[in-house]
Each structure stands twice: as structure tokens, then as C-alpha cells.
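Below, each structure is written out as C-alpha cells.
Presented sequentially are two complexes of chain A, the first with chain B as partner and the second with chain C.
And now, the complex of A and B:
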């Protein structure tokens, strides 16, 4: 077997070992350790493969870029995993299956980000979304979680149907399901261009569902609120990362930016996502819904990267810069988001902005961490989020996309308002001291907070090491 | 001549697919909807057959039509309530409501008979295949699935496993909580 498949293979072995262990004896701590060990080994293998990976076969492409994305994915999942044990202890369910489904979603994400074929992409997507249904509806009797699970089931089935239809039409034109054969060949044009554009729009619709971009964003807030907290974190990071990478690869490999209408659709969706996401977040009281709306806006910003893709050989240097922008933004946003969610996991009773009141005076470390993470999401200087936005604006200026750029600036200002509201809420005098007393502020969560702070502020102040690394892999 | 005939058959089958799919989603009665769904599946399998993918056609019938029928039988068996449900079933299976389904499926049947026995045999082997597509045998599919696409088999196995775990967990948890509340009440 190809050495590049080892990370996913290790995760699969971990999942199967948990399954075997379940046959004999249920033990929460053993499942936790097995899943952690397999994640850690997979991460190490992926780190080792970073310098060696450069192969591609029918189903998968494994080069420095996909390997970097897999590494990012495994790191994000590892950070979420670190919080899993304490959180699962609080729920009143059998806990071991959660680790199984958790590992399965990770495998699905890994398959998706390195897939080079519609079949592997689709199976990875289905593996991920089927496991997500289990993760969302995990806390059985909870009405809201079940509702969210049903919603996700129906919407992901719908999205998959759209993607399949698009893939079928593209197959009719190109005679192959491989991504590398998506290059349009004008000599053998079987279908009229509008049919291909329809197929592209079908695939976009499916992926926009997963990314919760504007016309398909209605589910995301209910899901974030209804799903268990860890699942919401996974949905916001893993699922969106995998879907965005696929979208980016498809647009790049298929030269889809040659159709002007596709460019128009992308810029419209980007602008609408920025504004609607930020406006919906503006007066939102519920913290998780606020994060959901903020993620709509952030993926709207990221769509700018797709508008920048330009396959002219002359502008190859700018092409590499766009890839750097994409990776830097993804790293910055995902780490910040994981940080925010791990803070939320440490504050189990706090659901709304009013509950946050007085957090700063009782638990200053948690409050300061959350404060800095919010500033990073808003893009204030000296944080990682600022550097990411700086990259994005630089790239947009270099290709003179003034319309989306002005939308980016305006909606960022709107977004700043609600990120600052969270910080203001923490500084108020507390209304209900009881809730704040129950906060879990153990040593392990403290060290995790410090790690996240180190990542967000450290790379924000000294971004050069990260950007050099990204430059290396995307050059 | 042969191409023309195959094209006609294809168009009739495609029309049957569209009609029965529309009837599936517009039928108010679940049983009727299932009946039309089975016809849709049969028609799709006929199209696979015309294209030369006879294995896919067989799978389509075995998995979709067969599974739906089995599911249907299970549901009727589980919900059986003696005389009351018999009367209900009589009401469900009234002949006049199933006449469209019978008509559509008999059309498919005649098409199949026509293709198998009445088409001229002069054009040698590729009798029931559309031009420019060879017949795909089971062996071809097997070598592909265990050759370059072997990882897909593994991934789909994982997918089914995760779906199974999800289904078991979700269907199990409300029961245990009910038992708990019952025990509390006692």
C-alpha cells in the first residue's frame, strides 16, 4: 500500500479497535485513549509525509498542498479531541460511539481533501455527512438535537443529489470522473456551454450547502444551536474546510473561471454572504448562533480567493500568492474558531451574551482568551486574524477586485460591532453569580487556552515563520 | 433501423420514468407511491440494459425494487391488526387505483419482450446495445473494483458502518430513556 494512505489507515484501525473493544467491555477512558492515540499517530505520520508526498493515482492526489491541508485538518481535530473527554462525561448517553463517529468524520474529511476523482470525493462526503448525522442527533431525548439531525439529514441528502447530478452532466461532457480530466477541450465539445454551466451551478449548490453560503445558509444557525457543542465545532471546522478545499480544487482544475457567469455568481454569493452573515449576527443574543452567522461571513470573505484564480501562465507568481492567501486564511480562521469553541466548552452553562456578564471579574484568563479570539475573528492588528485579512486584501488589490473588496471592508466594520459586543458583555457587572461558579477551570483547559493564545497571538505578531512555511508548500 | 428502434424504446422508457416519478411524489397514499417508485426503478434498469450495462440493471432490480418490496412487506407485517387492517388493505389495493401502475409496468414488459425476441438478429453480437458502447460484464466490474478502485470499496464499507452505528445509536437512546422514566414512575 502507498505510504501516503497511512494517516487515514491509522485512523481507520483506531475506529475498528474501538469497535472491537465495544464487543467486550465498554470503557469511556479506553475509547478516549485509543482515538487520541490514533489521531496522534496519524498526525505524526502526516507530519513525516509532508516532505515526501508527491504521488497521485486514479482516486487521490497527494502533494505538498493536500498533505498540508490534511495536517491542518488533523491538528484542528486533535484540538477538539483534547476537550472531548470532559464534555462527554457530562452527557447522559453511551459515550463510546461518539469516538467512533468522530474518527469516521475525520477519515471522511481526509478522503475529501485529497480526492482526485468524483467517486472518492462523493464517498468521502457521504462518509462525513452520515457520521455527522449521528454526531448531531447524539443526545437522543433532546428535542432540538433531533430536529437538527433531521434537518441535516434532509439537507445533506439534497446537497448530495445536486452534486451527483452535476457530476453526471460533467461526465457526459468529459467522459471521465477524474478531476484532472476536467480541463475543457474545445475540439470535442459535446454539450453546449450552458449545460456545463448548469452542471457547475449544481455542484456549487451542493457545496454551498456544506459551506452555508448565502442562498443555502438557513440551516446553519439552527444546527449550531441544536447540535451538541463538540459536533458544532466539528461542523464549523472540519466539514467546511473539506468542502472549501474541494470547491477550490474543482474551480482551479476545471478552469471554471473562464465562464463569466460563474464569476458573477461567485462574487454575488461572496458579497451576499458577507453582508447577510454580518447583519444577522448584529443583534444576535445567542452565542452559538452568533458564531454560525460569523462563519457565513468568513466563508464569504474566503470566496474572494476563488475569484482570484487566474490560469494565465504569465501571472503564475500571483497564482502562488493566491494559494498562500487561501492557506493562511484557513489556518488563521480554523485555529481561532477552535479556540472559541473550546472556550465555550469550558463554559457549559453559558448560552447567551447576558450569561457572559462579569466573566472577566471571575475568570480573567478565560475572559482574556475569549477577548483576544474575538479580536482575531474581527481582524484587529497583532492577531492571526488580522494577518489573514491582510493577505486577502493584498491579493484582492493586486487583481483589482474593487467591488468585493469594498464589500469586504464595509461588512468587516459591521462585523466588528458584534465581536466587540461579546467583549463588552464580559466586562459588565455580573447579574447571576451562580452560573459563573460552575465553570470548569482545571489545569488542562488552562494549558489548552495558553496554547491557543500562543498560536493566535504568536503567529499574529510574528507571522513570518508561518507564511514562509506556506510559501514553501504553495510555491 | 436498429438504432432508430433502440432510440424509440429509450424515449418510451424515459417517459415512463418521468411519469412514474411524478406520480411517486404526487401520490397521497404511501403504498401507491411505493408502487410507482418500483416502476421507476424497473424503468431505470431497462435503460441500463439498453446501454449494455446488464449487471447494473440486475443490481437496480435486486437492490432497489427488491429492497423496497421487502421493506413494504415488513411494514405491513408489523402493522398488521387482524380484520381492521385487512379492510384497510382492501381499501389500499383497490384495482382502479393501481391501473396506471399496471399499465406502465406492462409497457416496460412489452418493451423488454420486443427487444429480446423481436429485434432483427442480423447485426451480430451488439444486438441490444446502443452504438459505441460495449457490453460491460461482471468480470470487468470485478477487476475494476479490486484493481484501481479497491479503496472505494473500503470507503463505502466504512460509510455503511457509520450509517449503521448512527442508526443503532439514534434508535436506541429514546427507548432507554423511556425505560428510565417508567422505572421512575414505578
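And now, the complex of A and C:
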């Protein structure tokens, strides 16, 4: 077996071991350790593969870039996993199956980010989505969770159907399901261009649903609010990362920017996501709903990366600034987001902005971490989020995309309001001191906060090592 | 390393002050004072080697120039440099830092450690803005100095503090984002034209960009600076921020933060976009004149003392804008002088208002009156600074406004006549302020517990008086210090100006 499949293989073994363990004896801590160990080993293997990976076969492409994305994915999942045990102890369900589904979504994500074929892509997508349904509806009696689970089930099935339809039409044209054969060959044009454009729009619909970009965003806030916290974190990071990587690969490999209408659609979706995400974020009182809308806006910003490629046709492996922008933005956004979610996990009782009141005076470390993360999301200098925005602006300016840039500026200003509102809420005098006293600030969560701060602020102040690394893998 | 030490001193001092609060609530202010005094140390050799006369000035623009690589990927360096202009503004910053400290000494009793952390970090940010010569670094400081200021207003401010803090932050951030885009566009165009990717001011200035885009880039920069200045359409954050901020933060805002806008225009907009700034000049001067008149008129309808002073700032900063875009040497020197003089006179007024508020718990002009009888010393200072702000000859403000008017009259006579009317309006509001607070009938029975200025307050105010008088009587050394001829500014020939 190719050495590059080891990380996914290790995770699979971990999942199987948890299954076997469940047959004999239920033990929360054992499942936790097994999942942690397999994640850790997979991460190590992936790290080792960083310099070795460069093969591709029919189903998968394994090069420095995909291995970087896998690494990022595993790190994000690892950071979420670190908080999982304490959080799971607070719910009243059987706990061990959560780890099982957790690992399955990770495997699905891993498959998706390195897939090079509609078959492997779809396999990964379904593995991820189906496990997500279980994860979302995990807290049985909770009505909101049930509702969210049903919503996700139906909408996700619909999205998959759209993607399948699109893939089928593309197969009709190109006679292959491999991504690398998506290059339009003018000599053998079987279908009229509008049919291909329809197919592309179908696939976009499915992926935009996963990314919760604007016309397909209605589910995301309910889901973030209703789903268990860790599931929401996974949905916000892992699922979106995988879907965006696929979207980006399809658009670049298929040269979909050659169709002007696709460019128009992408810019419209980007602008609409920025504005609607940020505007609706303004209205939210619930922290998780707020994060949901903020994530809509952020993926709206990130869509700019897809608009960049229109001028110079780039192969997936060739060096380019746009690729680096994409990776840097993903790294910055995902780390920040994981940080925010792990803070939320440390504050299980706090659901709304008003509940945050006084946090700064009672738990300064947690509050300062959350504050800096909010500043990073808002893109204030010396944070990782700012560097990402800087990359994006540099790239967009160099291609003179003034329309989306002005949308970026205006909507970022709107977005600032609610990020500041979170900060301000923490500075207020608390209404209910009891709630704040229940927060456990254990040593492990403290060290996790420090790690997050190190990532977000450390790389924000000294981004050169990260940007050099990203340059290397995109080169 | 000198400049980096200068920058690090308040940063470290702030952290130390914060930490020390757990031992003693009075310790932070002492540490803050110490670290501000230590900041003067790196400047001493500079000041002693340059005994304020023109002949001993070095021939290059930069007195100190230090650079370390920071983000080699984009060719961004941590490049700090000091010339006469930044030296003057840093001296102003450090002085006003001490003044702010003095006014906060007894006023701030809650969460002292955090307060001084934020105060010192704001100062560090401002010093960074004045020193940074790499445009990216400049932008970073420009944005970062807002964050501690935001906390100063939103934690220690008055009733409407959250609203004011958010408004302040959003306005300046919006300007900042515009600047970020212009900055990237500037670097991009420069790269296109020369093939050098750099954010370094010294390199960018050698090949000023041209073309249609240059105008828009210049406009982006200018608007970002106008927000901070503040000029007319973007001024509305100022009144709220000043009114709600604690005295120390008001002092910093008025004395230093507003100056970063003027500094930005002089340092970046004029030399980097010589062509575009000539195109922009008439509009900017018009904005300046409107700001002068509007600010003054708004000032004399206010009943809140702090709002009055805040609007007078809008009026005074209109003069700075006028001076910057008159594009000749007198007006520019006047603008620099106005920044210094306004920094001192306005922050002194804020300190006075803070003292009055501390004693009477009100800033309402209608509730005050007849202070002179009870607080003669404080009122005398009030009279002095009120008169300074209306531009009395012999004080720094007069020199500045005179030079600005002389400089801009040459090219824009009509606009200048309107601007000069601002001086009369300034007299109206300054005298109104003096009359309503210090003279007139006593509105409330005297409380014998209210005392006149104590020694610390007296020393602070008297030293500010002396600086203003010195600026007014002997301004030449300050003009010599700013090597305008070396700054690569393009001044318009005298005859282009007859457009307006």
C-alpha cells in the first residue's frame, strides 16, 4: 500500500478499535484515548509524509499541497479533540459512539481533500455528511438538536443530489470522472456550453450548501445553535475546509473561470455572502449564531481567491501567489475559529452575549484569549487574521478586483460591530456572578488557550516562517 | 537600537504596571511615570548633540535610521527612522503622556493596572506611527494604537462610553481598511513600474507612481488621514470620543492621536503622490476651510465643556489641513507648528475641564459660572489657554495660524479669507467658554471642600504655558528642525493656484 494512505488508514484502525471495544466494554476514557492516539499517530505520519508525498493515482492526488491540507485538517481536529473529553462528560448520552462518528467525519474529510476523482470525492463527502447527521442529532431528547439533524439530513441529501447530477453531465461531456480530465478540449465539444455551465452550477449549489454561502446559507445558524457544540465546531472547520478545497480544485483544474457567467456567479455569491453574513451577524444575540454568520462572511472573503485565477491559468502544482493566499487564509481562519470554539467549550453555560458580561474581570485569561481571537476574526494587525486579510487584499489588488474589494471593506466594517460587541460584553459588569463562578479554568484548558494564543498572535506578529512554509509547498 | 528601545520602553512599562497592580493599586502609576521618564533617555544624546541651531543639523533628512528584516517574503522590514518632524512629534507625545499621567493620577482609582497598560500602549503605538518608515509597519502601528484607546474609552469613560468607543473604533478602522487597500495598490503599481517589491518609504519615494490609479490611491490614503485629523465629513466620532473618554484619554486623543493624521499627510501623501496631491489640493483646502468654520460654529452652540473643546479641535485641525495642502513652505511650517501648539493648548483645556469635572461633577456650561472667585489659579490658567486657542499673538497658535494663512493666501486668496474668519469665530467660542465658566454669576454655593489647583496640577499647567509662550516667541528652532527642503516635497509654482 502506498505510504501516503497511512494517516487515513491509521484513523480507520482507530475507529475499528473503538467499535471492537464497544462490543466488550463501554469505557469513556478508553475511547477517548484510542481516538486521541490514532489522531496523534495520523498527525505524525502526515508530518513525516510532508516531504515524501508526490504521487497521484486515479482516485487520489498526493502532493505537498494535499498533504499540507491534510495536516491542517488533522491539526484542527486534534485541537477540537483536546477539549472533547471534558465536554462529553457534561452530556447525558452514551459517550463512546461520539468518538466513532468523530473519527469517521475526519476520515471523510481526509478523503475529500486529497480526492482527484468524482468517485472518491463523493465517497468522502457522503462518509462525512452521514456521520455528521449522527453527530448533530447526538443529544437525543433535545428538540433543537433533532430539528437540526433532520434539517441537515434533508438538505445534505439534496446537495449531494445536485452534485451527482452535475458530475453526470460533466461525465457526458468529458467521458471521465477524473478531475484531471476536466480540461475542456475544444476539438471534441459534445455538449453545448450552457449544458456544462448548468453542470457547474449544480456542483456549485451542492458545495455552496456545504460552505453555507449565501443562497444556500439558511440552515447554518439553526444548525450551529441546535447541534452539540463540538459538532458545530467540526461543521465550521472540517466540513468547510474539505468542501472549499474541492471547490477550489474543481475550479482550477477545470478552468471554470473561462466562462464569464461563472465569474459573475462567483463574485455575486462572494459579495452577497460578505454582506448578508455580516448584516445578519449584527442582529444575533446567541454566540453560536453569531459565529455562524461570521463564517458565512469569511467564506465570502475567501471566494475572492477563486476569482483571482482568471487571468493566469494555473496548474494545481505550479507556484502561485493565489494558492499561497488560499492556504494562508485557511490556516488563519481555521486556527482562529478552533480557538473560538474551544473557548466556548470552556464556557458551557454561556450561550448569549449577555451571559458573557463580566467575564474579563473574573477570568481574564479566557477573556483575553477570546478578545484576541475576535480581533483576529475582525482582521486587526498583529493577529493571524490580519495577515490573511493582507494576503487577500494584496492578491485582489494585483488583479484589480475593485468591486469585490470595496465589498470586502464595507462588509468588514459592518462585521467589526459584532466582533466589538463580543469584546464589549466581556467588559461589562456582570449581572449574574454565579454563572461565571461555575467556569472551570483547569490547567489543561489554560495550556490550550496559551497554545491558541501562540498560534494566532505568534504567527500574526512573525508570519515569515508560516509564509515561507506555504510558499515552499505551493512552489 | 535606540528607536526600538524607545518603542519597547512603554510597552514593557505597561506590562509591568499591569502586573504590579496585584501588589498595590498605587504602584502602576509610579511605574508608568518611571517608564515614561525612561523614554527620554534614548533621546538625550540626540537633543544634546543638536543644540537647536540650523548649522549643526546634519545634511540628510534622517537623524537615526534603523532597519531589521521582518517579513522577508513580502520584503517588509521593521524599519524605523527619525527625522526632525518625527522628533518634534515624539517629544510632544512624551510630554503629553506625562500630562495625561498627571491628570489620571487621582482621577483613575479603579483597575489602575489595566488603565496604565492601555495608556502606555497607546503612547507606544503613536510613537511607532511617528517612527515607522516601512509602510506596512506604519499601517500596523496605525491600527494597533486604536485598540488600547478603545479600551481606555470603553472601560473608564463616562455614561455613553460604549457607544463612543465603538464609533471611534469603527470610523478609524474604516479609514484604516481604505488605507490598507491603497497601500497594497501603491506597492503593486510600484512593482509594475519598477519591478521592485517593497514597502519601504525611502525606496517608494524615489519613483513616485503615476497614472490614473495614482490619484485614487492618493485619495485612499488622504481619506484615511482625514478621518483621523478629523476633517469635515468624517469628524463625528471626535466629539463623542472626547466627551466620553476619561481626561487622560482625551488628552492623548487631542494632543497626539489627531496629529497622526496631519503627520500622515505631510509624511506620506505629499511626497509619495506629488501629482495627485496637486490635483487634490483645492478640494482638501475647501474641506479644511469648511472644517474651520463649521467646527467653530458647532463649538459655540455646545453646552458641554468637553464637546466645546472637541469641536474647537475640528476647527483647529482644519487649519492643519489647509496648511498641508497649500503646498508651500510657509503653510507647511505653519501646519507643523499648529500641530504642536494645538496639541499643547487643547490638551491643557481638556486637563482643565477634567479638573472642573473632578471638582464639580459637571461639565455643563449652564451649571458652571463664577469659578474665578473660588478657584483663582485654575481660572487664570483657563483664561490663558482659552486665549491661546483663539490665537493671541505671542503664543504658538498665533504663529501657526498666521503662517498657514500667509502661505495659502498666495494661491487661494478667497478660501484664505474665509479661513481667516475662523479666527474671529475662535474668539467667539473661546471667550464664551471663559465667560461662562470663570466669570459671570455663581450658579451654585461654594463648597469649601473644593480646593484650587494643587502643586502637581499647577506644575503641569505652568509648564504647558511656558512651552506655548516659547513656541510663540521663538519658533525658529522648531522650523529649523524640520528639514522641509530635504523632504522631497513638490511645491506648486505660484501661478497655478488661481483656480479658486
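Rule of thumb we're sticking to: the second predicted complex is superposed on the first by the 465 of 475 C-alpha atoms of A that agree within 3 Å, B and C clash if a C-alpha of one lies under 4 Å from a C-alpha of the other, contacts with A are read in each partner's own complex, and residues count from 1 in each chain.
Throughout what follows, a contact is a pair of C-beta atoms (placed from the backbone, for glycine too) under 8 Å apart; a residue touches a chain by one contact, two chains touch by 3 or more.
Given the structure is predicted, the values throughout are model-derived calculations rather than measurements.
Asker: By the touch definition at the top of the document, which applies to A:101: first (chain B), second (chain C), both, or neither?
Answerer: The first partner, chain B, only.
Asker: Is A:381 touching the first partner chain B, the second partner chain C, both, or neither of them?
Answerer: second
Asker: Contacts for A:27 in the overlay, against chain B (first) and chain C (second): which applies, first, second, both or neither?
Answerer: neither
Asker: Considering only touches as defined above, state whether A:56 meets chain B (first), chain C (second), both or neither.
Answerer: Once the two structures are laid over each other on A, A:56 reaches no partner at all.
Asker: Touch check for A:420: first (chain B), second (chain C), both, or neither?
Answerer: Only chain C; A:420 stays clear of chain B.
Asker: For A:471, is the partner it touches chain B (first), chain C (second), both, or none of the two (neither)?
Answerer: Touch partner of A:471: chain C, not chain B.
Asker: Looking at A:257 after the superposition, I want to know if it touches chain B, chain C, both of them or none. Which is it: first, second, both, neither?
Answerer: Once the two structures are laid over each other on A, A:257 reaches no partner at all.
Asker: Where on chain A do chain B and chain C both make contact?
Answerer: Shared contact residues on chain A (touching chain B in one complex, chain C in the other): none at all.
Asker: Using the touch definition from the top, list the residues of chain B that touch chain A in their complex.
Answerer: On the chain B side, the touching residues are 148-149, 151-152, 154-156, 158-159, 161-163, 165-166, 169-170, 172-174, 177.
Asker: For chain A, which residues count as touching chain B in their complex?
Answerer: 5, 12, 15, 19, 57-60, 93-94, 97, 100-101, 104, 107, 111, 119-120, 123-124, 126-127, 130-131, 133-134, 137-141, 149
Asker: With touch defined as at the start, can you tell me which chain A residues reach chain C in the complex?
Answerer: The contact residues of chain A facing chain C are 375, 380-382, 386, 389-390, 393-394, 397-398, 405, 409, 412-413, 416-417, 420, 424, 427, 462-464, 467-468, 471.
Asker: Which part of chain C faces chain A closely enough to touch in the complex?
Answerer: Going through chain C, the ones touching chain A are 70-74, 139-140, 143-144, 147, 150-151, 154-155, 162, 165-166, 169-170, 173-174, 177-178, 180-181, 184-185, 187-188.
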